[in-house]
Amino acid sequence: MVVSPVHFIAVPLLAAFLMPILAKVNKNLLRIVPGIVLTYLGYVSVVLMNRVATEGTIIEVLAGWSAPWGINLVYTPFTGFLATLMIAMSFLIWLYSFKFKKVDDEPALKYFILQLMLTTGSVGLVLTGDIFNFFVFMEIIALSSYALTAFYRDRNGAEAAFKYLLIGAFASTLFLLAIVLLYSQVGTLNMAEISVRMHDVPTSMKVSILVLFLVGIGIEAEMFPLNGWAPDAYSQAPSPVGVAFAALVVKAGVYGLVRITYTLFGIEGSGIGPFLIIMGGITLVMAEITALKQTSLKRMLAYSSIGQMGFVLIAFGIGTHEAVFGAIFLMFNHAIIKGLLFMSGSYLVYNTPNKEIKYLSGYGMKMPVISLFFSLGALAIVGLPPFAGFWSKLYILLAAADGALYGLIALILVVSIIEIVYYFRVVGRLYFGKPAEGSIMRKPTVGGMIAMSILAIAILVVGFYPDIITGYIDAAASSILNTDEYIKNALGAVNELTPVENIIQ
Amino acid sequence: MILFTISIVVLAVILIGVAVYAVMQKDLLFAVIATGIMSLILSVLFFLMQAPDVALTEAAIGIALTTIIFVITIRNTSRREDEVPILKESDASEMDDKQKAKI
Amino acid sequence: MENIDFNQILSIAIYGSAVGLILIGLYAVLMKKHLTKIIIGLSIIDAGIHLLFIAIGYISNGTSPIFSEKGISLVSEGTKMVDPVPQALVLTAIVIGFGVTAVALSLVIRLYRHHQTARIDQIKTLKW
Amino acid sequence: MRKLLVLFLLAVIAFSLYKPLSTIEFGADRMGSIENPTTVGAYYLSKTPSELSVANVITAIVVNYRGFDTLGEVSVLFLAATGLGSILYRRRKEGEHSISISKPSSQLLQAGSKLIYPAILVLGAYVFIHGHLTPGGGFQGGAIIATGILLMMMSYKDFHLNHTVLTWIESLAGITFATIGIAGLIVGKTFLENFMPIGTLNDLFSGGIIPIIYIAVGFKVAAELAGVLDTLLSIKEK
């Protein structure tokens, strides 16, 4: 059996269905199985990334019906890059949460299943080439995130989950409505085919569909008016889940936004680009100003995460190769840096009331390694050289300068200063605050230390030698910008069955 | 054709009426039963529009199972939409001031 | 009687009731304060969208897409079958909707356990 | 004030939905011809009898053409059952038991339920075994079986599902589904592709892997829905 993209979905699903039985045999299998699955998927990722670099886009046909008749998986350099990133981050999250719960506790079973399903949903959403299948994976992500947010049996978790559920269920309903209207116009569900037939759709219909899609997917991408769920969910969910939100869910959301705007509707000359820039700008400013006011560390990190997504939206809105390159680089950086910040941050605030920053005085001496990790993450995310975050911000600024968007450059610089202020407030308190008495430190687990060290090393390595990653990102940026190639690849074999000029009016 | 049109129009009108009733009714049990009836009408409409599979799904899931999980929820929570919270001793200490002022 | 446009009436009735359901559900989601009522609103929106999708797939005088004993010949004789794709998708959507509703209601029960109330205006302890 | 705002919003939505919907003619044939399909729907209608030998085109779409969706859909139900258990989980305290305090149901109801319970189970099984021939299938049949179990749970207070059996059924059905999919890869075809003889149309043993998958889906859906209902019904009353 040759490795193929469908392994990303079939293998973890098989494992998830198997886990309830395995739990009855031996409880310890529970936490080992996700690791084995993710290791295998890492191997698949490596093989496929090499194959996609040499042979170009990989199309996997499912159930023997090639697109547009059946569902297909499209493994382009872009989707492959995101899938690899998600698998790698899931593996680190698994390491981090290895000792998360005692396995004889019943919820541990559910925790590991839900995390595995969250990974499956995110990777599936990125790889699928079918809009309704996309919706199904969106629901898989959504349901597992609701359950994980409410995982702790306290009142705030349930409330955050309910808020998330209300916004999320509403959004996915609108997404379904968009699919309904789209199907009535184009008579197909394959994204490449939709893109071909989109030219004949009347403008008023197009606008309605686009708005519904943007609202539907904007939730997961944390776009401005729809991100009310994020701070609560991030701060109330168990800490590995916070990492998973930043590294998987939001990435999947942004991917969906980009796929829908770039491939389905076309970014050029449609007014979508400026719209994305404006929405991204509002998201960025609102989030960073709110982050400045936060007293709880996790909420501050959550708002900072929303702000970063604003950056990504701006960059995708500019739409040049350089900007898209910067955006994908930032997505990668955000995953590893926010991952490190959340992991180290949750150890810092483990025993402080309400996770408040003001109790963190002098932790730099008490928890030196964790504080060091947190400070590294803070330095990297605000974009100081020579850390990873610097390069992505630089590319986005250069792209903005190319497009003569000087207002945008000023905005980004001002926001960066705000970022520096609130991150250094925490770092300063860690190292220069007066140590408080009597607080009990949480000793990090071995798995957690390994995960954080890997992330810290990744940040440093990418910071000093960005070349090891830029090749992949460059290929990814070219692949998302080249819609025609996507269509050609996805529909390739069956073009004689769907003559493009034979489109229904 | 005439019979088909008349039945669809009548069902559509009842559908809207039942949905409005479900939203306006303060007694949640009645509201849930109204949504069950809504599912029933929907199921008939699906059947009339040549979708027997969907009609069967809506009948089994929409009418029976969704209604029953709503009823179980109402049994475990409150039945009136304008309910007054019942407070236990242990929870009273955790209330905020606004809530205390209300009672 | 001949000049009555049945399709016109039907489209108003079906599309109107589908959009009506969506709007009624939206009203409940936005205005109502009781958590259970909000979930009822969500399921009403869902119902409206399902109805709309089936209506889009419907073809006048079509038959259901199931081949009977002599079904295959029906195709060539010009009798039309309605579009099967919306039906398959609505089937999926109904099942997914049930899953979401079940999780939502379990959260309502959880919130009631913590707060002894299911009204949204009395349990907002988290900041927006 | 809030009401006015919401009504205004609803009016805007109604208007923006009215415009696109007015261009979609009700009952019009948007599919194109069966002989020369330009939409997926027409293509499915033209291919299903000859290539899959499945009488019910919806089943063919749900299980074969878009079988990957169904795998996702089954996972959604699985997630809902898992998530429900995780959200409502409560550690049992000493001396706490889950016997509900409501009064037992009447003799008439109990006798009646006992009478129709097997009939409902048979009906459910019939629906999902004949999913490729008649309307219905795994989801509908599973839901029907779940309603039968629900009837018993409500009329007999001491009717308890065996959780171990439920878990096994659910897991084995899910594994069957995923394994059949992977088996397609192993024999050199694609994931979830049919690799068995398709038989003749309208035969019980036709459609290759489609009935097998739908039966597995039926068992899985029944077990999951019963699990959901059992979790909800066994909540300790206040």
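Letters A, B, C and D mark the chains as written, and numbering starts fresh at 1 in each.
The rule we apply is simple: a residue touches a chain if its C-beta (ideal position, glycine included) is under 8 Å from a C-beta of that chain, and two chains touch if they have at least 3 such contacts.
Quick caveat, the model's predicted, so the values are computed rather than measured.
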item	value
Which of A-C and B-C has more C-beta contact pairs	B-C
Maximum centroid distance from chain D, chain identifier (CA atoms)	A
Centroid distance [mean C-alpha coordinates] between chain C and chain B, Å	13
Centre distance in Å when chain A and chain B are each reduced to the mean of their C-alpha atoms	36
Chain centre separation in whole Å, for chain D relative to chain A (CA means)	30
Sites on chain A at which at least two other chains make contact	132, 136, 139, 143, 146-147, 150, 158, 161, 184, 189
In chain C, residues with contacts to at least two other chains	10, 14, 22, 27, 35, 55-58, 64-66, 81, 85-88, 91-92, 95-96, 98-100, 102-103, 105, 107-110, 115, 125
Residues within chain B bordering two or more other chains	52-53, 57, 61, 65, 69, 72-73, 76
Chain C residues within the chain A interface of the complex	22, 29, 35, 38, 42, 45-46, 49, 52-53, 56, 85-86, 89, 92-93, 96, 99-100, 103-104, 107-108, 110-111, 114-115, 123-128
Complex interface listing, chain C residues touching chain B	6, 9-10, 13-14, 16-17, 20-21, 24-25, 27-28, 32-37, 39-41, 43-44, 47, 50-51, 54-55, 57-58, 62-66, 81-82, 87-88, 90-91, 94-95, 98, 101-102, 105, 108-109, 112, 115-119, 122, 125
Partner chain C, residues of chain A touching it in the complex	132, 136, 139, 142-143, 146-147, 150, 154-156, 158-163, 165-166, 169-170, 172-173, 176-177, 179-180, 183-184, 189, 228, 231-232, 236
Footprint of chain D on chain C - complex, ascending	7, 10-11, 14-15, 19, 22-23, 26-27, 30-31, 55-60, 64-69, 71-72, 75-76, 80-81, 83-88, 91-92, 95-96, 98-100, 102-103, 105-107, 109-110
Contact footprint of chain C on chain D as seen in their complex	2-3, 6-7, 9-10, 13-14, 17-18, 21, 24-31, 34, 39-42, 44-46, 48-49, 55-58, 61-62, 66, 69-70, 73, 76-77, 79-80, 83-84, 87-88, 134-135, 139, 201-202, 221, 228, 231-232, 235
